[in-house]
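Per-chain residue numbering starts at 1, and chain names A, B, C and D are given in the order in which the chains are listed.
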Amino acid sequence: MNKITILIHCNDLPGIVASVTNFIAEKQGNIIYLDQHVDREQNIFFMRLESEFIETSFSTEDFKTTFKEVLADKFKMKWRIYSSKKKPKMALFVSKYDHCLYDLLGRYNSGELNLEIPFIVSNHVDLKPIADNFKIPFHHIPVTKNTKTEAEEKQLQLLESHNIDFIVLARYMQIVSGKLINKYPNKIINIHHSFLPAFVGAKPYHSAYKRGVKIIGATSHYVTEELDAGPIIEQDVAHVSHTYTIDALIAKGRDLEKIVLANAIKLHANRKVMVYNNKTVIFS
Amino acid sequence: MNKITILIHCNDLPGIVASVTNFIAEKQGNIIYLDQHVDREQNIFFMRLESEFIETSFSTEDFKTTFKEVLADKFKMKWRIYSSKKKPKMALFVSKYDHCLYDLLGRYNSGELNLEIPFIVSNHVDLKPIADNFKIPFHHIPVTKNTKTEAEEKQLQLLESHNIDFIVLARYMQIVSGKLINKYPNKIINIHHSFLPAFVGAKPYHSAYKRGVKIIGATSHYVTEELDAGPIIEQDVAHVSHTYTIDALIAKGRDLEKIVLANAIKLHANRKVMVYNNKTVIFS
Amino acid sequence: MNKITILIHCNDLPGIVASVTNFIAEKQGNIIYLDQHVDREQNIFFMRLESEFIETSFSTEDFKTTFKEVLADKFKMKWRIYSSKKKPKMALFVSKYDHCLYDLLGRYNSGELNLEIPFIVSNHVDLKPIADNFKIPFHHIPVTKNTKTEAEEKQLQLLESHNIDFIVLARYMQIVSGKLINKYPNKIINIHHSFLPAFVGAKPYHSAYKRGVKIIGATSHYVTEELDAGPIIEQDVAHVSHTYTIDALIAKGRDLEKIVLANAIKLHANRKVMVYNNKTVIFS
Amino acid sequence: MNKITILIHCNDLPGIVASVTNFIAEKQGNIIYLDQHVDREQNIFFMRLESEFIETSFSTEDFKTTFKEVLADKFKMKWRIYSSKKKPKMALFVSKYDHCLYDLLGRYNSGELNLEIPFIVSNHVDLKPIADNFKIPFHHIPVTKNTKTEAEEKQLQLLESHNIDFIVLARYMQIVSGKLINKYPNKIINIHHSFLPAFVGAKPYHSAYKRGVKIIGATSHYVTEELDAGPIIEQDVAHVSHTYTIDALIAKGRDLEKIVLANAIKLHANRKVMVYNNKTVIFS
């Protein structure tokens, strides 16, 4: 069987669902998943649909062409269609913290993640042994004030030469530039170690300690040019108390960061996230 | 506008979604919500759909008739269609505990619940003052070993004379009989004060204390003839520690019971629950 | 038996615990609870201790006098000693939202709260019927731009004439003045409907909606002159999704507000909260 | 500085806290942590205390001897005293599942765990490469029906020759015998992949799926001779829905298992757990 996933958003009009499901039925597809959402405030319709087609008579490219002609243009849809045959390619950016890296590679190794990791990039060499253990190519691209532009060029070449679909900043401690962000819009996933929008910026655990919060959090979001202000994909929290030192907050937070980032990656890789107006619609 | 909600389940076959959405489109309906689920193990298709129709040209009864002829019979669907014009009627059964009663009536009063409460039934008089405060008729129907059948007859008459749609046992401390259950299948909602299936039966907080669990729970489920074994609608939990006495567990548990029961009632009243094979599909 | 609760904080020095527990032993007290905390960063020692004394031979006032002479002065302690014989008196300030009021009065009625509520104050008359139902005196003190000072005088007179120990703002929609705050330092408990420090100020659910957060929260804190910046007593959160409208966020948030405020009140009334440097130490 | 941790339980009598804290003060110790708990139902007193002593003038062995003579015998205490200088030695038993192993070794590597792992034992060879990557000796001890006794002898020799303090079954798929359990009472930590006491025994995720629960859990407990019935150290849960297949439950559960087991190990290794009457007192 050939499975495709369709993501659509457009102005809400009567008859869209019927038109799309009819189109699938005419092409002999069997709908195995359909979810939709209407943002009533902005009158925007969102839909995610999975459909199976019999192998021999189906071409994803032909389907796309007809879909565009018959439906997308008519309803002025923004749309994406993915074949399940092609796993998304994810580039992993890290610095010195290893907990998210271990967690992701452990999941990757066990087959939990529906994606490929062609390489790991880091501005430090510290985590190379972990990459080696998991037999994933590791590229050391140092970043200094003076070499920032040059380093980014190298990153871009790597990304393009491997046809990378999306980038994960697994506690990568450099700010990525607008150039990279524009090349990969809503395709760079960051993990921020606080419950955003509380504690934007550096050292959120220190700020949480100072404020005396009773709950800490982690947030995974798409990177936009405004710091820590991109569309939120996933958040989770944990209860803490006055007995937690900053180090204890950091240790507790690591567990949140790992799970929140892993969940965000899974949602993205399984094409379950749509972005509109700096917010996400998650069809989970 | 006239809004209807359609719930369907049947064997999974290609073309169901297209057929149903087409049918709606032909009737000039605008689909504002659609969610579906396929139980792959049993090959059962579930769907929930909300659609709006222009007032003047629409009759729910006519729609039902045509729906049955054109779709339901063809696909051998189990189906229900509800008009948003008719709020479900809920009978509230209580005994002596007041926390769920206060909570539900507070929500009812504030307009949070999309339902009507024509009356409250109790086997004790203790909670009558609360019913009076909220100006809801209160029927005292005592239940003893010898009067159980007779009491149930009175309950049934009340339920039928008010066209009750579903029953909520808000810590009602009597076991309801098979006769009542059969008259209201998957329409009697109970709140059990444990994380089922742990601690079935009486005194679950005592059992939780004895076992030394670190988390307690509450479970709302439909009542079936087997005790505490009906389809689960909603569950929630709270962390506890060795410092909790049984009384402290009970106090903590009350907050869970209130929220879990209220959520289950909202899901049911908003027609978001389907039952199949003693499990629920919740379209939330 | 006569039970007292002692709360102490002072610079951390060797021998404090031994000195205090010895003192209790010499007075024939039996320690039934002892918890302590050392803030290593600031070198501050905190202790909470409960002790039982035989009725006939014990006077709380004498105990306090000796405690001060023998221990408190020596270690330069800030200290408070409470007898369990005297329940704290709580004034309840409300405006138009009724959910926290219903919740608190339901708990009060069922004996869950270890305190007295001599009266309810409101700047509106809307919730008077609820106060009447629960037979608690209700004082309507309107607040307008011009009458703010005068209204506050009336509030202060009420508070003083009833020997109120602490004040709870149960969604009271007026900002209390520095004068009131200074009279009741760390004795005015507010419920803020967000996960502070995210979304300080008015309309936090609107801000949460706009930011697209996946979790909402509620925070109970002591009121200080800086808005929503006082010591945090309790926080809790709930998961939400893109399907939540602002109204749905508000409804979901109400459940958080109720529980978080009730828990904060219980902690305060049971003398389990100490404040230092705008943060709380919670001995739960 | 020399830090020791004292754990005590005995019948509750007046003056215990004062006697112990006095004893510490006389020995020139500075108490940096003290928590106690009284089980009122059984009249048992529990205490955990950390104290620092100046290096030169302190011997843990001498302290133990005097403590026994002066205090322990007098109050008939069960007691344990640990020096912070000696990290506990943990043996890791695994089979084929790798998620807990990766998680624990990642934490171990990053210095998060206050313990030593002298070796890993497995009844299969599958996970040897992971042990090799982390440079921890791996012992393959196959277990079959016929070789069970012999295999256990080998395990015991390994454990004894390395002076192992406690054993962790990180999804070890063999039932350990009464002999091993008796040698390591309340020193064998298991992770069970359900919210005990729900779903005791094999295949709990299958049972959870069948029952249609809305929450799944994981439980870490000490191993006793009765299956899955030992004292519970830590539990956690996650919300699930009807959309979860058994495989999805298993994947979601893995994250719970990792965190719950890691937390239980930290509590045990930091001497924060006391066991009485098949329940735990956790001084966290």
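As a convention for this text, contacts are C-beta pairs under 8 Å (C-beta built on N, C-alpha and C of every residue); 3 or more make two chains touch, one makes a residue touch a chain.
In UniProt terms, the chains line up like this: A, B, C, D = Formyltetrahydrofolate deformylase.
Note that this is a predicted model, so its numbers are computed, not measured.
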Centroid comparison with chain B (C-alpha atoms), farthest chain: D
A-B against A-C, pair bridged by the larger set of C-beta contacts: A-C
Centre-to-centre distance between chain B and chain A (centres being mean Cα positions), rounded to whole Å: 37
Cα-centroid distance, chain A relative to chain C, in whole angstrom: 42
Multi-chain contact residues (two or more partners), chain C: 243
Residue ranges of chain A touching chain D (in the complex, touch as defined): 98-99, 102-103, 106, 109-110, 112, 133, 243, 251, 254-255, 259, 262
Contacting residues of chain C [partner chain A, same complex]: 37, 39-41, 195-199, 211-215, 217, 231-237, 241-243, 245, 278-282
Contact set on chain C toward chain D in their complex: 14-19, 21-22, 24-25, 28-36, 38, 239
